Amino acid sequence: MSNEPVLQAKNLSKRFEMEDKRILTAVDDVSLNLYKGKTLGIVGESGCGKSTFARMLVQLDQPSDGEILYRGKNIQNLKGKDLWENRRHIQMVFQDPLASFNPRMKVREIICEPLLNYKLIKKSEKNAVAARYLKMVELPEDFMERYPHALSGGQRQRVNIARALALEPEIIICDEATCALDVSCQDTIVQLLVRLQEQKNLAMGFICHDVALVSSLAHDVAVMYLGNVVEKLPGEDLVNKVRHPYTKALIDAIFDLKMDFSKKIEAIEGETPSPLNAPQGCPFQDRCPECMAICKEQKPLLQTIDEGHLVACHLEVN
Amino acid sequence: MISRNLLVSRILQIVIVLFGVSFITFLLTYLAPGDPVTAMYEAVGIVPTDEMVATAKSQMGLDQPFLVQYFIWLSNCLRGDLGTSFSQHLTVIDLLKKNLGATLKLAFLSLFLTILTAVPLGIISAVRQDKLSDYFIRSLSFIGISLPGFWIGLMLLYVFAYKLNLVPVISSGGGLEKMILPAVTLAIAMSSKYTRQVRTAFLEELSHDYVIGARTRGVSEARILWRHILPNAMLPLITLLGLSLGSLLGGTVVVEMIFSYPGLGKLAVEAVSARDYPLIQGIVLWIALIYMLINLAVDISYSYIDPRIRKKGAV
Amino acid sequence: SSSETETGEKTQLNVATELFSDTLDPAVAWDSWFVMRWGAGETLVKFADDFSFEPWLAESWDVAEDNLTWTFKLQEGVKFSNGDAMTATKVVESIEKLYADTAVENGGTGNPQSYFTYSSITADDAANTVTIVTTEPVPDLPGCMAYPWMLITNVDESRDLTTQGPICTGPYVIESMTPDTEVTLVKNENYWDGQVPFETVSILKVEEPSTRTLALQDGSADMALSISAADRETLESEGGYEISVVPGSRTGFAHPNLNGQLGNDTLRQAVLMAIDGETIADVTTNGSYTYGYAVVSSGLDFGYDELTYKFSYDPEAAAKLLDDAGMVDSDGDGIRELDGQNIILDYKVTASRQMNVIAEAQAAQLAEIGIQANVSITESQSDVLKNGTFDLCASNDVTTPTGDPAKFLGYWYSKGERNYSSYSNAEYDAIYEKLIVEFDTEARKGYITQLQQILLDDAMPVVYGYYNYNLCSTDAITGAYCPTSDFYWVTKDIKPAE
Amino acid sequence: MKNVIAILKQNPKFFGYCLLALGIILIAVMAPLLAPYDPYSAELVNALQKPSAEHLMGTDLLGRDYLSRIIYGTRASVSSALILVALIFSIGSLIGILAGYFGGWLDTVLMRLADIMIAFPDLILAIAIAGILGPSTTNAIIAITIVSWTRYARLSRSLVLKIRHTDYLAAATLTGSKTGHLIGRYLAPNTLPTLIITAATDIGSVMLQMASLSFLGFGAQPPMPEWGYMLSEGRTYLQSAPWLLVFPGLAIFVVVVVFNLLGDSLRDVLDPQRELNISKKRLFGKAKRNEIEENRCIVCDRDFSGGDA
Amino acid sequence: MIEVSNLKIQYANRRPVVEDFNLSVKAGQIVSIVGESGSGKSTVLRALLGALPENGKVTAGDIRFEGESILGYSKKEWQQYRGKKTAMIFQDSGAMLNPIRKIGSQIVEYLRLHEKLSKDEAWEKGKEALSMVRLPDSDNTMKAYPFELSGGMRQRVGIAMAMALNPGLLLADEPTAALDVTTQAQIVRLMLELMEKQDAGIVMVTHNLGVAAYMSDYILVMQNGKIVESGKAMEIVQNPQSDYTRTLIETVPRLGGKRYV
C-alpha cells in the first residue's frame, strides 16, 4: 500500500487459560495493518478469534504476545492517563446494538458521553451536539430523548456509529456491526459507514462472517481460521482469485441468488476443531480436501504470492 | 468422576475457610469482655480469688500472647482435642457427639416433611399458573414465610399438645413423637419457602426450549413434567436443600429452645450464655465443617446429576 | 405408653423439672442436690419441714462438751444399692472422699469446707458410730450433715461418677443420664426402708414453665416442679391435680451497692418506700413469693413478728423524702439527681425464679418517683457481685441450708468475704461474731432477730419476699409434696394412685 | 417527583403497599399520639387483664396496657429492621461492587472473607456476638450485620461481574469513561435496582431475625416494648394469658407481610428486565419472565437457621 | 398434503398477526416462507403444528392435513399428529433436547412413543437415523449429551429425529440461521438428499433468500402478516413483482455484486 499504516498489529497472539489450566489460543500470531481511508475486512467462522483480535486492537484486552503500533508508536503497554488519551483515536462499533448501550441512558447522553469524558463539550451544549450527530447518521433530532430499547435495530446501530464517531477517531473497528440487522437495514448501515469513511478519511476494520458483504466494502480482506490469518487479499479479488482451500470452501458455501441453482452444493466435511486443542501443523488440515503430509507437521507461513495477496498454505510453495 | 485436582483444591479451600472461622471465633472470644477463668469457676459455683484466677490462667496458658494461645489451641485441635467445656464437665467433642444425633434426626425429619409438601405444591402451583389453586398455594406459602417460626412453634404447642392433646408435650422416649412438633414447625417455614422455589424452578424449566421440543415430538404432558422437567428443576433445588440441611444440622436454635429439644442449637445458646468459650469454638467450627462438607457433597452430587458439569470436570 | 404394665398398673413415675445437673458427681458444684432430689441419694440427717433435724441414715447424734466432737449413731441394716452394707467405715470413706474431691487444692469447689472442716473423722464399726471432730465449734453440724453433698456413697474409685453416678442408699438407682436432658432411675432392689413403689422413674428436663404445665395436663408427666402461678390457677380450676406450695426457706432480695449512689441512706430508704412489695409478690409473681420485709422468711421461726419496719410502701412519702433531701429533678428529664448526677441504677438480675419480673416491676415503680433503674439479665451473678458492677443485684438464696440462717446473715458481716454490699455496722458485726459460735438454739434465735432488725433500720437490703416452692402432681400418683427445704423431690412415699 | 407519581400511578398495587408500609411507619412515628396509655406505666394490680373495652389487647404482667406496648413496639421493630437493612445493604453492596469491579487480590481477599462468614452458622454467630457484646438492640443489629453483609456482597459482585462483560461497559471504557464515572453511571444504576428489590424483600426477614434474637434474650431488653421480646415474656403465660402471645405474633406477621408484599411489588416496578421480557415471545409460551426472576435474586447464599427465622 | 386456506391468527384480542394466508404443499415439495422480521412466519409454522402459544388463536380459515382439518383434533390426536405425521426442525435443535438426558435415550423415547418398538429396536433405529444424516460415529453420538456436540452436529441430530419416522410433513424454522456458512451448506445438502429419499413435503422459514431460492420449489414472501408475493422460486428471484420483494433481493450482498467502494 502506498501510505503508512495508522495502526499495525504485529504478531499478535492471545491465549486464555481455562479453569482446568488448559490453554485456549484464540488469536495466533496475527499481523495486520489498517490504513487511512481504507477498510480491512476480516472474515471467518464463529469462534475463529475475530472479536478477540478486535478487542486487542481497541485496547480492551491485552495481547499475550506481539505489539500494536499506532502511528508507529507502541501503544500496547499504555496505562492510566496515556491509555485514556490514546483511546479517542481508536473506536469500535459493537455487534449487538442493544447490548452496547446502558439501558438507563437516553440517546443524548449516549452520544455526548464520550465528548464529556474528554471535556470536549460543555454540558449545556449537549442538545446541539446530539442533534448534530443524529443528523450525521440520518436520524431525526427528537430521537435524543429516547431510550435505546425504544429504537429499532437499525436506528440503534446508527446511534452506535454516532457514538463511535463522536470523538472523531482515526480508526474505527466494526465487530459484526451489521449482523444483527436484516438485509435492507444492513444495506443502509453499510452505505452510511462507507460514506462517513470517505468524508472523514477513516481507517476501518470491518469484521463479519458474511464473505459477500465484506467483499463488497473492504479494500483488503483477511480470512481467519482457528486464530490464524490464512489468506489476505484485496476485496475485489475474493470473487475469483482466492487460493487457500479454506477460502475456497467458504466461497463455495455461499448461496447466491445469481448462482447456478442446478449445481450441487460442495460442502467441506467435518467440524472446526476447538481452539483448545488446535492441531500441530496447518490448522485446516482435518477438513482440507488437499491435505498433504507436510500439512500435518509444519504450519504454513503467510507468503506474498501477488501484489497485496498473501496465503498461508503449503500448496503455494513455489 | 470429578477430577482429583479439583477435589483436592476444594478440600484445601475448606481447610482454609475452617482456619479463618476458627481464627475469627478465637479472636471474638479473646476480645470479649469477661474472662474465661472466672467464667469457668462461676460455672461450678465458686467465686475465685485473684490468686486462683492467676494460677489457673497460667496453667491454661491464658497469660500467653494471643497468637501463641491460638496456635496452642489450633495444634490441640489438629490432634483432635477441642478442649473441655467450662460449664459442662465434658470434653467438647463428647458434647458435640451427644447433641449431634438429636439434631441429625430433627434435621432429616423436617427436611423430609418439607420435600413431601413443597414439591407437589410447587409443581401444582407452577403447572396451574395463575389459576385458583396457584393463588391459593402461593398465598399459603406467603403466609408461611411471613410468620415468625417461634410463634408457629408456640401455637402448635398450644393447639396440638394442649387443646387437642394429640401429641405428648414431653416424652421420655425421644422418639418420633417428640420430634414431630419441632419438625413440623421447621417444615412449615421451610416448605413455604420451597414451594415458591419449586414453583419458580418449574416455571423456569417450563419456559425452556427442550419442553417445546418434547411437545413437538408428541410427548405427553405428564411425561414431560415427570421425566423431563422434574430432573432439571431439581438441580437448583438440590443446592438449596443442601444449604438448608447445612443450617439445620447447625442447629435450629429457636425451635430447639421452644421445644426443649436437646440439639446443637440449644447447646450453642447455653454455651454463649455461660461464656463457655471452648464449647462455642467447638460448635462453630463443627457447624462450619458440616456446612462446607455438605456444600461439597452437593457439588459432587450435582456433577453426577448434571452431565454438563460432570463432563467439564468442574466441581 | 411404657409407664403401665399390662394390668394397667402404673410402674413408671415421670417428672418434669426445669432444674437439672450436668453430672452425677456429688463433688461437682450443686450436682449432689439432684442425686438426692431424684431419690437416689440419702444423708445421715434429714430436715423436717420446720427445719428441725430428723434421723435418716443416722439414728441419733450428740456433741461432746468440747463442742467439737460429734458422734453419729448409724441406722442398722442399711444397704447400698449394690447390696453392700453401709458400715461406719463406708460412711467415713464417703465423707473423706467428698472432702478430698472438693478441696480447692485439688481443683474442687471448696464448698463443703466452707461449712465446716474437721480435724478427724473415725469409724467404729462395732458400735456402728462415726465420730467427727471439727476444727472449730459448728453449732449446726447436723444441719451440715443434712446438706445434699453429704449424701453417703459406697466409695468405689473405679467408678466414673460423672456419668454413672455414685452408689447410694436411696429408693431408686440411677440407670442412665443424658446431661441436661433426661435421667432414668430404676427401683433399688436392696432398699433398706420398705417397699419401693415404682419400677422406673424418668426425670425430664423441661425448661419452659408452660410446657411443664402442658406435660401435666396431657399426662406425660406425673409431677412437675415450679409451675407458674398463673398455670397453677388453671390447674386448680381444672381439678385433678395436687398442688403443693410451701413458703420455702428461700429469700429473694437485691443487694444494694453502698459504694454507688445507693450508699446514700435517704435514697435507699426512698427506694424501699417506692416499691409496693406486697402487690408485686401477690400480683406480679402471682403468689410465687410471700411478701415480707426481713431477710429471713416470715414462715420460719426466727422472730419475724418481733421486727419493726419503717419503710413500708408510700410513694408520696418517698418522693417527699427525696425532695427534702434535695434530690430533685432539676434538669427536667424526669430523673432526679443526686449530687448533680442523674439517679440511674444498674439493676442486675438473673432470669430464675421470676426475679427479672420483680425487678422490672420495681423499676416501673421507681420510675414513678423519678428514679431510673435499668434492669439487665446477667448470667454471671457472682461475678457481678464480686466485682461490684451493680447498684442493685438480685439474689435468691436458701437462708437455712443447714437449719438456721447464720451463714446467710454473713452477707452483711463487714469482715466477711461475702459482704457484696460493702455494708458496715459495728453492732451487727459484734452480734454476728457471737452468733456463729453459739450452741444454744434460743440464744441463736435472739441474735438472728437482732441482726434482722439492724438491717431493717439501715434500709438493707431490698427484700422481695420468700419464694414459695411448688410441686404439682396429677391424680395418677399420691404422696408427692413440696418440702420446705428444696432437697427432696422423689421419695419412697410417692406412690401410684389406687 | 413527577416520575415518582407516574410510577405510582402505573403500579396501583405498589402504591397500595407503599401506603400500608407508610402507615406502619406512621404508627411508629406517632406512637405517642396513638397509644391510649403510657407503655411503660405499670399498674401492678391490673396485671394480666383480658382484652376489654378499657384495654383492647389486655394488660401484661406488670399491668401495662398491651395495645400501647404493641403500638410502641412498632418503633423498635420497624426502626431496627430498617437500620439493619440499610447497614447490610450499604456495607455489603459496597464491598461487592468493589470486589467485582477491581477484581484481583482485593476480590480474592474480600470473597474469601465472605466465604468464611458464610461458613459460620449465622444465627449462632449472631447469638455469640450479641452474647459476647452483651444483649441489646444495638448489639443485635451489629451481630446480624456481621453475619448478613455477605448476601449483598455476593449478589452485587455477581451483578457487577455480569455487567463487566457487557458490550456497553466496554463501549463506555472505550469512549474514555473513567473509573468513577463507570461506577457511578453504569455499575451503580444497573445493580442498584436488583439490590434494592432484594433489600425491600429482606426487610421482612430481617425483622424476623431481630425478633428471633430478642425472643432468645439477645436483643431488646426490658422494659422496652419490642415484639420479639414481648413474645418471649408472654410465653410463660401460654395458657393463662394467650393474648400476650397472639398479639405480638400477629403484629410481627402483619408488618412482615406488608413489607414482603412491598418488596414483591417493587420488583415489578423496578425490574430492569421488564421491557425486554415483555417483548420476549415463546412457543407454547407459558412462563412469565418476571415471575421467573422472582426469588432468583433473593435466593441468596443461605437461609437463616434453616428457615426457622 | 397440507392445505391452508384463508388463515387468520390473533394473539389475545389484538390485531391479527397473520391474515389471508394460503398455502398448499404436496409430497416432495419444498415451500419457503421469507419476509421481514415479525411478519408472522413463525406463527404460521406453529399453527401448522398446532402449537400456538396459549394466547394465540386461529380465528378464521382452515388447515387440512391429508384432507382432514387439524383444528378440531383432540389432545390424543395432537400427540399422534405431532412427531408422527409432522416433525419440526428448529433453529437450534440442540436446545430442543433435554440437556441432562443422553441423545440416545431421547431418540428412543421419541420412537417408542409413536411406534411399537422394543428398546433395542428403537436404539438401532435411532442409530440408523443418525448415520443417515452422516453423523460419523452414531454409537457415540447416541451416548452423548446435547451440549457435547457442535452446533452443526446438533442440527443434524435434530434433522435425524425429525426424519426418523418418515413424517409426511416437515416444518423447519430457520434451520440454518445459527450456523456458519460451511456448516449451512452441509445441512442444506443433507436436507435435499433426505428429501429425495423420503418424499416428504417441507415448509421452511428462512431469512436467507439464497438458501430459499436454492432449495425450494415455491417461495412465499410475507410482510406484516400478509403474503405479498408467492410463486415458483425461480420466478420470484428472477422476476420479482412486488417492490418489497425487489428491494429484498437487491439488498442481499453478493460476491462479485455491487461494491460500495
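Labels A, B, C, D and E are assigned to the chains in the order they are written; within every chain, residues are numbered from 1.
Following the convention adopted for this analysis, a contact is a pair of C-beta atoms (placed from the backbone, for glycine too) under 8 Å apart; a residue touches a chain by one contact, two chains touch by 3 or more.
Given the structure is predicted, the values throughout are model-derived calculations rather than measurements.
**Student:** Can you give the shortest number of steps from chain B to chain D, where adjacent chains in the path must touch?
**Tutor:** Graph distance in the chain contact network comes out at 1.
**Student:** As a test of understanding: of all chains, whose mean C-alpha position lies farthest from that of chain E?
**Tutor:** When every chain centre is compared against chain E, the largest gap points to C.
**Student:** Which chains, taken as a pair, are joined by the highest number of C-beta contacts?
**Tutor:** Top of the contact-pair ranking: B-D.
**Student:** Could you grab the centroid distance between chain A and chain C? Build each centroid from C-alpha atoms only and quote it in angstrom.
**Tutor:** Each chain's C-alpha centroid was found; their separation is 90 Å.
**Student:** Report the inter-centroid distance (CA atoms only) between chain A and chain E in whole Å.
**Tutor:** Centre separation, chain A to chain E: 33 Å.
**Student:** Per the centroid of Cα atoms for each chain, what is the distance between chain B and chain E, given in Å?
**Tutor:** The mean C-alpha positions of chain B and chain E differ by 51 Å.
**Student:** Provide the C-alpha centroid distance between chain A and chain D, rounded to the nearest whole angstrom.
**Tutor:** Taking the average C-alpha coordinate of chain A and of chain D, the gap between them is 49 Å.
**Student:** Which positions in chain A touch two or more other chains at once?
**Tutor:** Residues of chain A touching two or more partner chains: there are none.
**Student:** Counting only residues that touch at least two other chains, what does the list for chain E look like?
**Tutor:** 51
**Student:** Where does chain D touch two or more other chains at once, residue-wise?
**Tutor:** Chain D, residues with two or more chain partners: 134, 235, 238-239, 282-286.
**Student:** What does chain A use to touch chain D in their complex?
**Tutor:** Touching chain D from chain A are residues 55, 58-60, 84, 87-88, 91-92, 94-96, 99-105, 113-114, 117-118, 149, 163-164, 166-167.
**Student:** Enumerate the contact residues on chain E facing chain A in the complex.
**Tutor:** These residues of chain E touch chain A: 36-37, 150, 152-153, 180-186, 188-189, 192, 207-211, 213-214, 233-234, 237, 247-249, 251-261.
**Student:** Which chain D residues qualify as touching chain C in the complex?
**Tutor:** Touching chain C: residues 40-42, 44-45, 47-48, 61-64, 134-135, 217, 221-223, 235-241 of chain D.
**Student:** Quick one: in the complex, what on chain D touches chain A?
**Tutor:** 166-168, 170-178, 181, 185-186, 189-190, 272, 275-276
**Student:** In the complex of these two chains, what residues of chain B are touching chain E?
**Tutor:** 208-210, 212-220, 227-228, 231-232, 235, 305-308, 311
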